[in-house]
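What follows is a set of structures to go through.
Both of the next two complexes hold chain A, though its partner changes from chain B to chain C.
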Partner chain A sequence: MSLVLLIARRVAGAVSILVVLSALIFAATEVLPGDAAGVLAGGESSQADRDRLRQDLGLDAGLAHRYLTWATAAAHGDLGTGYVGHRDVAAVLADRLPNSLLLAVLAMAVAVPAAVAAGLAAGLRGGRRTDRMISTATLMAAAVPEFLVAAVLVAVFATGLGLVPEVSLVPLGSRPWRAPAVLVLPAAALAVTALAVAARLVRASVVDIASAPYVEAARLRGVTGTRLALRHVLPNAVGPAVQVVTVMFAGLIGGAVVVETLFNYPGVGYELQQAVANRDVPMVQGLALAMCTTTLVVLLLGDIVHVLLSPVLRGRS
Partner chain B sequence: MARTFDRRTLLRAGLIATAAAANVPLLAACSDDSVPAAAGTESPSPRTGGTLRAAFAGGGAAETLNFLMGPTGLDYVRARCLHPPLGVLDPAAEHGVRYGVLDRIDISDDLRTYTLKVRPGVRFTDGSALTARDVIYSLAAPTTLGSLPFLKPPSRNFDLAKARVVDDLTLELPTLGPIADGRLILCQSTLVFKDGTKQFNADMPTAGPFRLTEFEPGQGAAFTRNDGYYSDVHLDGLELRAVADPTARANALTGGQVDFIHDIGPVSARTLEANPRFVVTAARLPYATSLSFGLNLAFKPFADVRVRQAVKHAVDRDAIVKTVFFGRAFVGNDLSSLGFADYAEEIEQRAYDPEKARALLDQAGVGRFTVAVTTAPEVAGMAETATVVVENLKAVGIDATLAQKPAGQLFADFPAYVKLPFAASYAPPVPPLSNYTSTRTAGSPSNFGFDRPDIDALVAQARAAADPARGREAAVRAQRLMWEDGNQLIPVFAPAISAHTPAVHGVRDEPFTTFERAFLAS
Partner chain C sequence: MTAGRRSPATLVVAGFAATAVAVVALTGPELATGSPTAPVGLPFDVPSAAHPLGTDAIGRDVLSRVLHGGRTVLLLSAGATLSAGLLGAALGILAGLAGTRAGEIVVRVVDVVAVVPALLVLLVLAAGLPGSDLAVLAGVTLVSLPFSVRVVRAATRSVAVSGFVEVARARGDSRWQVVRHDILPNVAGTVLAETGVRFSAAVHLCATAGFLGLGRGAPAANWGRMVSENAAGLSLNMWPVLVPALLLVVFTVAVNLLADDLAVRWGEA
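And now, the complex of A and B:
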């Protein structure tokens, strides 16, 4: 199988998953109690008012028809208009997605080197005190929910030390990158959990590679310490590490809902939370689909890079 | 249930006020801990200058300059900065209203025609004069342009299509029937904007105390003073920021990012009031949200009035005020609109009497029955109040269980909601009689089967009485019947709580927060 064909198959697989996810998102918003017409018309509205509104919104059509209409429009980039405030979903997404991606990239910039360093240190000293300390610390950090991490960070670095602002109030008319201080705590909160999970995955990978015959051979030749880690272990751990990084990134996109809300950070996660609270179904559907798509794209890219970097997989292709 | 406001509006808005308490009739006692004065009630002399930064719950990208359809309280607060009100409800003022762009409202002897006199000299930011045509357009806009329910009372009580512009400053409004409380209806929520407005955007001419300079949905809005406003405005600038999470709002205040935060809940209030750097304020009556429970008459035990009375006697209202609200609430007496002039303070406070409750249940012979009390954390303390009610009911032998829904879900399926046997609700502070007419008359889904044409007739009689004494008498009779036979348990009235730095003064809630008279003391 050629490399191109392999990648094409991965892309086709991702598209299939996206179709399934879109159906799940649509179904999930369908089973929510009540209906949009009832919410929009208000509690005291008459049945006739609600029926008229339902007709206007196209909610009287069958489920399959509505799904196909929505999915087809979404495939053409039309995510619809929010019920509440009548905002174009794609415009909201275009406005907020860069903010969320910035946060995720910053969190990655902190978490990836730290996770690789911690994973290497622990994996190369498997079973010893360093490994136990790092493993325990990362296990604890991975177990702590993001909102608690955020609360501790606020208490220590904002309220306690006064180093950074408690809440990400971006100056009006500006962007988060123009007020870098507002990025610190939400990025750190995302990074802590991601770092912990990733460090454990890197450690597991390193433990496997560290016991491989060629590493043993290097050790027997007297190669130890940093040289062993950087020249013999790390290069072979790059492939799995790329997957770890992509999984991390995908996790950050999901975790952003909690962290962005806690810090009032103007990202997609914050908007999704608000849309759910407002029962703004088109907005929820559009933002959720965008988050799923972003996650799939990241995972797909990671997959492709992994194939390109892996001699075994490249050989198979 | 009396739910005139959109539930999200109220959830986001919260409701506090600075209405002077002196002339406010109080029946239900506040708890032992007195509610502190709202911002600015003990103000130093106003100082001009400075920019006040305030944080509200907001509503994300759904926020809009079209306050008629704005889903959040912040949308209305922002609009109140831009558009002047006809007037505001103020129980301490003559006729219960303090006028804004109106000079006065005259009522014909037959209570069928209201004459609105516009304050001369009010101008929009484009230099044009605000006239009677702008007033009638604004009154009709909730119907012609569409709006949330809480803005529609004028169209439900006045025949706006037959309104007559007498001259630039005079408008005649015929009523749909004789009513004496029309001033309260007109001044409840109407903001005035320019005749012919179709789009609400940053460039539209406005006549409010501030001019909009920046607006980002979900982030906030910035304003500068409108020097052409008909009254003095002290602040140079104002920033309203949307901060959804209440803890984040409190953090923004403690971190110095804002000067004023709205709707913080009783627990955060307790934390902040211990810090001398901040002042915690809450509303005085009548601006408190009623937390209530509807007893559905379709649920067989509640069809017996003795069971309904037993439930009301079983609930320890003082305990709710003390344990749920830490004293920052008012005991309810199963009547809505505590603190308004029409509220029947003559009716004695219902006692917490579990023995009597058990006796009434025995008399009714309903035996031991099971009922689910359905609630959701829609406003601060709502779910916790239901928890206390459930325990109280268990104590008198009713197998009560708590069914708590997630925030935003209680009213999501309204037809299902009105079938619940024991359903929590909340209501904003609005005058009782017009609100009753809108939401609780026979056949209304909100009344949970309590169809009482005799009470409807008394309410109509009270509203149509030319003689205030006779109107009062009918209003009290109607409320006594509701108190005795009614299916609403209203154990508590909870004001929303705000906090600010000591420099902030003059912030009012009428019932939405207004910054027209706010200033920053040096």
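And now, the complex of A and C:
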């Protein structure tokens, strides 16, 4: 019962954060001076034109009123219509989301096992040469912005060696998994950064666990190598690992904007960047809200798994 | 946390590299002889005597654009780090000294900002303030702030419970005197180490913002945006992508190595 209560509290917390964030997104896009009517009417429009357009768009109503209208509709799945091409925001989101998720899942499939292996290898040899090499390499890889990783990958593997396409053009109505070659470089670029960041987190928690008394005891009993890693260190790292995965996923949501933009990959991040460039306010609001929701859901799931797996938290409530 | 100290040689090389790129970025506009915005030839022309790095997507001199394109990235990251550092230190010390309830409220507010992916904050602000470097500055500051507040608050709390703060309070020192004489000197190392880490993250974000076309728009030169502007011509002339990309890679990696060392030296002292 208390466990249910604890989880219910986390869900309520996430929902209230989402409400605050939706208000912030709305305020930032509507209050700040990027005036939608001015954009839509064009540079040579008269004041009267702009006023009429503002009225048509409902921009002359009060801010609080507009926010409530928008938020209520959003809660019912209606995110409005974009200014550019009059596309339904929710429909664009539904169409692009699977593409973005595919990219994220592919990147995770590569990065998670590699990060765990690298983090374990480094953490179990804390301070020694292997550790120093892995730690320096991951620090350097994590330092480089995703768009540079992607640009270097394109220069080498697409332009230089011609192995894969430079941009991920997907015909309208088709899906990227029908032409898997377009997925290789975007997924690899996302995976490099995610791998580096996650390997550092795994290493830190392995160092913590490896110095714990029960691991020391196992060492004194003569347990070493793979057995020590798999039987004594890894199971205790599950809690921190869940957090690593959630942090990674949250990072991928930001990274996706960059990588999708560079490759013209038809995902949510690419649409958001285009919407910002075109000052398409309803599209920006809807997609930003969707990304915040996704992040919160992932963090919440991670949190719940963490609570379920952690005896300390289970007992305290 | 971190794998021992790095060799002094690594740090010297990193320090030298970071300084060199910073000098190029800051003094570049003075050194450039050509215009960064005037077309001087065909698009994606290969290097020649007149244009040592060739031309870019619309035939502008790449060398001039490289020399002009670093200042924004560097100044924006430094500005955002400074404002986030000062604000974060002030809020963190306040939250650390205030009672648990007030402190918790600050942490809650900070947590809300911290869950949003950093780039999303930048994109939303850029939608509200199109073509403005101010949006990037505010965005990077906002994204950095939660980390500063958390670290400084934790450091302040651990100092606040130590004997000498209690002695100072019992002596009747004012709150401001306690902050100045007892708290600040003891959290300064943490703040410094934190600032290094924040600066490297800020460089990362400001470069990415440039790449995404946020901040002051075309035709101004920007290392991040040069990569996106010229990616299509990679097979014709790779220098307009490669030179800014390499400068940014060298700078971010060097700054990270230095910040990491700073964190080891000061963070755990």
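Following the convention adopted for this analysis, the second predicted complex is superposed on the first by the 310 of 317 C-alpha atoms of A that agree within 3 Å, B and C clash if a C-alpha of one lies under 4 Å from a C-alpha of the other, contacts with A are read in each partner's own complex, and residues count from 1 in each chain.
As a working rule, a contact is a pair of C-beta atoms (placed from the backbone, for glycine too) under 8 Å apart; a residue touches a chain by one contact, two chains touch by 3 or more.
Worth saying up front: this structure is predicted, and the values here are computed from it rather than measured.
Asker: Superposed on chain A, are chain B and chain C clashing or fitting side by side?
Answerer: Because the two structures are overlaid on the shared chain, the partners are seen to clash.
Asker: Taking the superposition on A as described, I'd like to know which of chain B and chain C A:152 touches: first, second, both or neither.
Answerer: The second partner, chain C, only.
Asker: Check whether chain B or chain C contacts more residues of chain A in the superposed model.
Answerer: Ranking chain B and chain C by residues of chain A touched puts C first.
Asker: Can A:135 be said to touch chain B (first), chain C (second), both, or neither?
Answerer: The answer is second: A:135 touches chain C but not chain B.
Asker: Contact-wise, after the overlay, does A:92 reach chain B, chain C, both or neither (first, second, both, neither)?
Answerer: After superposition on chain A, A:92 lies in contact with chain B alone.
Asker: For A:262 in the superposed arrangement: first (chain B), second (chain C), both or neither?
Answerer: Once the two structures are laid over each other on A, A:262 reaches both partners.
Asker: Identify the partner contact of A:270: answer first if only chain B is touched, second if only chain C is, both if each is, neither if none is.
Answerer: After superposition on chain A, A:270 lies in contact with chain B alone.
Asker: Does the superposition put A:84 against chain B (first), chain C (second), both, or neither?
Answerer: After superposing on A, A:84 lies in contact with chain B but is clear of chain C.
Asker: If we overlay the two complexes on their shared chain A, which of chain B and chain C does A:279 touch? Say first, second, both or neither.
Answerer: both
Asker: Examine A:295 and indicate which partner it touches, taking first as chain B and second as chain C; both and neither are also allowed.
Answerer: In the superposition, A:295 contacts chain C only.
Asker: Select, from 25-33, 43-51 or 241-249, the region of chain C that bumps into chain B once both structures are placed on the shared chain.
Answerer: The superposed arrangement places chain C into chain B at 43-51.
Asker: State which residues of chain A lie in both footprints, the one left by chain B and the one left by chain C.
Answerer: Correct list for chain A: 32-34, 151, 154, 158-159, 166, 261-262, 273, 275-277, 279.
Asker: State the interface residues of chain A toward chain C in the complex, per the touch definition above.
Answerer: My answer: residues 17, 20-21, 24-25, 28-34, 122, 126-127, 131-132, 135-136, 139-140, 142-148, 151-152, 154-155, 158-159, 166, 204, 207, 250-251, 253-254, 257-258, 261-262, 272-273, 275-277, 279, 281, 284, 288, 291-292, 295-296, 299.
Asker: Okay, in this complex, where on chain C does chain A touch?
Answerer: Touching chain A: residues 1-4, 6, 10, 111-112, 115-120, 123-130, 200, 204, 207-208, 211-214, 224, 227-228, 231, 234-235, 238, 241-242, 245, 248-249, 252-253, 255-257, 260 of chain C.
Asker: Applying the document's contact rule, which stretches of chain A touch chain B when the two form their complex?
Answerer: Counting only chain A, the residues touching chain B are 32-35, 38-39, 42-45, 82, 84-87, 92, 95-96, 151, 154, 158-159, 162, 165-167, 169-170, 172-173, 261-264, 266, 270-271, 273-280, 283.
Asker: What does chain B use to touch chain A in their complex?
Answerer: 3-4, 6-8, 58-64, 69-71, 148-149, 214-222, 239, 241-245, 247-249, 251-252, 254-255, 257-258, 407-409, 411-417, 438-439, 444-446
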